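Here's the structure, in structure tokens; my notes come after.
The chains carry the letters A, B, C and D, assigned in the order they are written, with residues numbered from 1 in each.
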């Protein structure tokens, strides 16, 4: 029941917002809907925590430790993003960057996007998972081109085509999976249910599954932003409105990785080898390195953080590929803290670029003096994102790195290079932005305090004190993903 | 509640658990670790609560720094207690990961470092009350207060942490807090550049340390649980020699980056000078020491079995740092930068002690190893005192003159008599001159060097004495450097360019010149007294800290070191070598006094006269020897070690010659760190090159991107078959 | 109609789908492309119905009708309408020349066969041999997207690629579960609206639908 | 406390205080003879010092307390060193205060303050002298340490008394290591005491001065103390050489030895003075940038001494 409410709220809010349009209370509806979704998410989490994994809706939905935390995370970040976007989008509207149709569209699609992601997370059916992923793409494509500038349209087009193709390839992988499952589970809807597949995964034909994994990894990997399938990501993140960048970076990538990992479990079970893991490690490592070095040459602030997202998805993918209790634990944690941190960064980045009327980093200066929350928020966000304690990303990177050096010590120098370069690149750019005197082009801005503070405090708490329930979820999830 | 158990190296220690999870009974009792926790709590209070509650900046300074001073004293008390009693205290905080709570452990080694950090922290905190007032009205001091307290707390935590996770958290928080402190005056480009460089080096080093812990934890437990991350598990683990080597050198790299060991030192002379001086004092005085702590902890405690060549490498790098540090220091004319390079030198000296201790340990000569280790540790303590003092003195000068360039100073001894006298004590101490403390530790290091003929290795027998010569060279160069620093800054006439000496740009005029206030003075007087005390009564302190080698190496030197009474320091035996700082001090003092009295029995006339100008008659203050000219002979001799660019530009005279058209002679000298071009520039260039290459991947056309997907599928399919 | 006859007819249809895929790859005229695409959809629809009949899984009839409605009627109609509204030139050119493209296409077919051959042995379905064709169609669709520089052709390539997926789903596995099929159809419908909007946006912003104009966002200097 | 060491201690300090100017007088005398001049007599340096004590002190206007304090300190350090080196007897009450390394450091502190005093008045001369002095010192110290190292290898100790005992009482062996060390020591002693060819104590020519440049502004009792101290320094270096290389005859624990030790000391110093004069007369003053080579060879000899200990002995 909670499940239906959870999904229903966002869907209904989408419809309501489509009608509300550009009215004054639309942002409040948006916030309220997201808040309700979040509360439902918490209720679901409590339920799962109390009762353990649950199947619902005629086996259509499945909630276990792995996806429930992502569901709560998704609803939480969407709530804070909604809060953030109230002020942010109002400002954009005032400055005439979007019209009233744009606002209507923005609000409706935002909720639809949340709905799609929650559906992708909670469904038990791999086919529905695919559909939800596609829906998530389609609902955000037009948001990326919301500003109608040539570059925005270009970015959206690339996003649309590349992710469309990618996701289509993933469907082929799903078909192959079904093809193999059919042999064991028989025809019909049962053969695409993850819970069923998971039970018989060792009976599935390994060759088909490894073939299907290729398509799945390329397909969902495109969505995750793995190099060399990542090219849409920096464009889409830098050209869309900042709230969308925040949820794209913070949530959508996670969902895609979630889908990939769900499939990997099956493939690993069937093949009995570590092949899928190696593929993911390869992609992960390549992503870390390419993204880290690309960070060095960024001039656009949102684009830079988009590359940082690629890097972090690379780390998580690498860790999932590495496997083992510590690395998997680290990867799960990494998904959580990265999404919290990255969305917080995008919030501050959004305000910073609004203050200066540009996304060019060379023109953004003196943030701490101009607006302490934005300045300190940005620098602490970056400190967190580069993996420095006491923030949560350090914890996950600590676990992942130590696991790496134990299992594949020869790869650690590459990781070290990647992390070091990414660190230097980010700091090199961010430091001048926060420091110094207020430049003449800076304007005063009313900013949304709550989202940034909330996110950073959470990341800090996770870094210093991980609550027991979270660790239990992770440990259970580690067991599931073995 | 106390139970003795067998610690490594058959040494009995008594365990008094503060909160002991291993035991059924949980009991709080007053113990050193509780004391240090109190200290931490008050620091956190100063960092978090005080700035929120107090809005007046002036009051904030007073309250926060008083709190940090109290906290430092508590830490000193805890440290002294634990070193004095040899207790090993543990505490587990219910934070961190569920299966990996934060472990704290206070043993004599950490207690010693706690004392060092706390002691200087105490002095600097007092000093800061006066110093930070200088920023009032110019900028908000709240960040300084917050990060200062955090910085202190994290340094304490680094030496207290007993698991890899918590250690790294403290370690990185320490780096971050100091990063923000370096950035404090963030509108200056050099501050930002230095802070950036500092943080990058620190973070790369931290990753290396992390990897080292990864090696040790992975090998200790195989990672089925989180328990492997505790230092206890690492202590118990047996490492294969290959992995132990990897772990050690990763950790050494990381710690060396923090300590500023050549060639990883480049950040240090950038970051330390630009930070506020109280922070520079802490960074140079004690933050670098946490890296020393890390090296000792990893080497002697966690790995504890190692081949001699590790020690040889540590020794070698220590020597290189010592000599390069002092040579580069000699070339500086920025007072704080000069001091920063001297930190490189002194870290080198400490590493020499540690390296020798490692060599002795690996050849199973524990008594000699104990001597070498004590030498290193004692220098750690000494360096904290005199470098703190010197940076505070430099801060006082900066406070008064708003100038860091020595070439623009001079004659300050008349304007700031207190600062001048205290700075002189620092100079003497750091130049390793008796009877002050720097000499004692260098002398012990020399003694350790002189004992190397006992090593059963012919190569080491021949090579290590040359190291002693290098150390002697460094010590003498350090003396030269401080003659220069002191002479140019405090002696002679004011040589400032823009201000005639009649009206130097001092902050406050009036009687007594521009001397700093009493908080700053006390902050400097105390370490000066410590410098003298440590130099004159070394036996007390060495006996006190003798527990550390006893626990780490299973041997101590106190039996011999103090055998001849407290006045004489006899590290091995009195036939071998002996030194009495007390008698040296007393002897010189009494002779001076006697001679002075003898010569002043009758009224003696002293006539003041202008200096002899050889009949030239037009001496100006610009004709004094400058810092640059002072170091010229040494620059010429060791020129090959520097990246020197020397230019003399002559402007021809233009008529009319009588008024300002006399032409000019401009001398321009730039001495750069060679290591920058050798190691860092290539790395940066390579990174940008790779980055450019990777940039080509993203070349804009969607077809190309589709081709990537296409090729990826094909390649994966081909490989999977 | 026996099962084997159905299988034979299905094979013929597979061959036709492959042929249309090649046709799409080399067709220069935009209306020609539309026709070919509609034909491909039709073959797909018939094939789906046939498989549904042969396998007795009746939900495939629904997918067949869906395919017919979407891919043979609706999508070509929308595209046609768009082309008219946007006044797109009728002639378009391929990036890579035709013989090379054909050769690459043939290589892809061989590769697909090589790849799927071991898998096909595992299946007991009569229509299993069509899996290679399905994969080849997917690959050819991708190839088409790579070689063409017009937004509309790229979309047609994308849709052809999806046809291949559908074909794989129906012929290799006797269809995915119905709810999935419906969902996929819905997604394609939404996608159609999205690219429709896009065409307008691109057209108004860039004056033409040549995607090569859209290469501003890049890392190269 | 035993009385004997205390008595010898006092005797020795007094002896050094008086003998040091006389030793300089002897050197000057020999030098005059060699140059065919008439000498001013053995006691002229002593007379000079006494004369200076009665002179008025003229201080530069800018001189600070450091300038005034330095002479006392330098003198104090020299007296302390005189109390430590076992010149007359190895059993001195202060012998344990310092070993060879501390002794080097004691001279270093005197030099440190002299250099500061040179900087204090703010003339170019003072600065130049300080700069050069510190440069030379920094090069001579490693060489000095290597020489000490070699000797301490033989004696198994850096304690001066112990060195004298071991070398004086052991069987007489011709040790190449000690020969090298002695050679190095002589070179270092020349450099440290500002003798030709490193420095010329007799000149006030601007560009060749080192030690003199630093103390140029001193006068009266300050100058007297400094001069006296530097005389003692030379004397102490000579005694140090005697202790380390020719310790035969140094007293050991009874007052009876003292007269013999005293006589032998005079004899040894007699020879040392002649040797020094021969070196000084035979060589010409070097350019300042040749000094590194000079001290480099001292270092080389000392190192060779150490190597030959390990290789040959």
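Everything that follows uses one rule, which is that a contact is a pair of C-beta atoms (placed from the backbone, for glycine too) under 8 Å apart; a residue touches a chain by one contact, two chains touch by 3 or more.
Just so it is clear, the structure is predicted and the values come from calculations on it, not from any experiment.
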Which chains does chain B share as contact partners with chain C?
-> A
Counting C-beta pairs in contact for B-D and for A-C, the higher total belongs to B-D
Quick one: which chain's Cα centre is the longest way from chain A's?
-> D
Averaging only over C-alpha atoms, locate the centres of chain B and chain D and give their separation in whole Å.
-> 36
Taking each chain's centre as the mean position of its Cα atoms, how many Å separate chain A from chain D?
-> 77
So, what's the distance in Å between the C-alpha centres of chain D and chain C?
-> 100
Indicate the whole-number Å distance between the mean C-alpha point of chain A and the mean C-alpha point of chain C.
-> 30
Residue ranges of chain B touching at least 2 other chains are 692, 694-695, 697-698, 702, 706, 709, 717
Considering chain A alone, which of its residues make contact with at least two other chains?
-> 157-158, 161, 165, 169, 211, 234, 294, 297
List, in ascending order, every residue of chain C touching at least 2 other chains.
-> 115, 142, 145, 154, 211, 214-217, 219
Listing of all chain pairs that touch each other, if any do | A-B, A-C, B-C, B-D
Of all residues in chain B, which touch chain A in the complex?
-> 95-99, 164-165, 168-169, 172-173, 175-176, 183, 186-187, 192, 195-196, 199-200, 203-204, 206-208, 210-211, 213-215, 217-219, 222-224, 226, 229, 246, 687-688, 690-692, 694-695, 697-698, 702, 705-706, 708-709, 711-713, 716-717, 720
Per the touch rule above, chain C residues touching chain A in the complex are 57, 115, 118-119, 122-124, 131, 135, 138, 142, 145, 151, 154, 158, 161-162, 164-165, 168-169, 172-174, 176-180, 183-184, 186-187, 190-191, 194-195, 197-198, 201-202, 205-206, 211, 214-217, 219
Seen from chain C, its contact residues with chain B in the complex are 95, 111, 115, 139, 142-143, 145-147, 149, 154, 211-212, 214-221
Touching residues on chain D, where the partner in the complex is chain B = 53, 56-62, 64-66, 69, 72-73, 75-77, 79-80, 83, 94, 96-99, 101-102, 105-106, 108-109, 111-112, 115-116, 118-124, 126-128, 130-132, 134-135, 137-146, 149, 152-153, 156-159, 162, 206, 216-217, 221, 225, 288-289, 292, 299, 303, 306-307, 310
Residues of chain B touching chain D in the complex = 410-411, 413-414, 420, 424, 428, 431-434, 439, 443, 446-447, 449-450, 453, 458, 461-462, 465-466, 468-470, 472-473, 475-477, 479-480, 482-484, 486-488, 491-493, 564, 568, 570, 574-580, 583-584, 587-592, 595-596, 599, 604-612, 614, 619, 621, 623-626, 629-634, 636-637
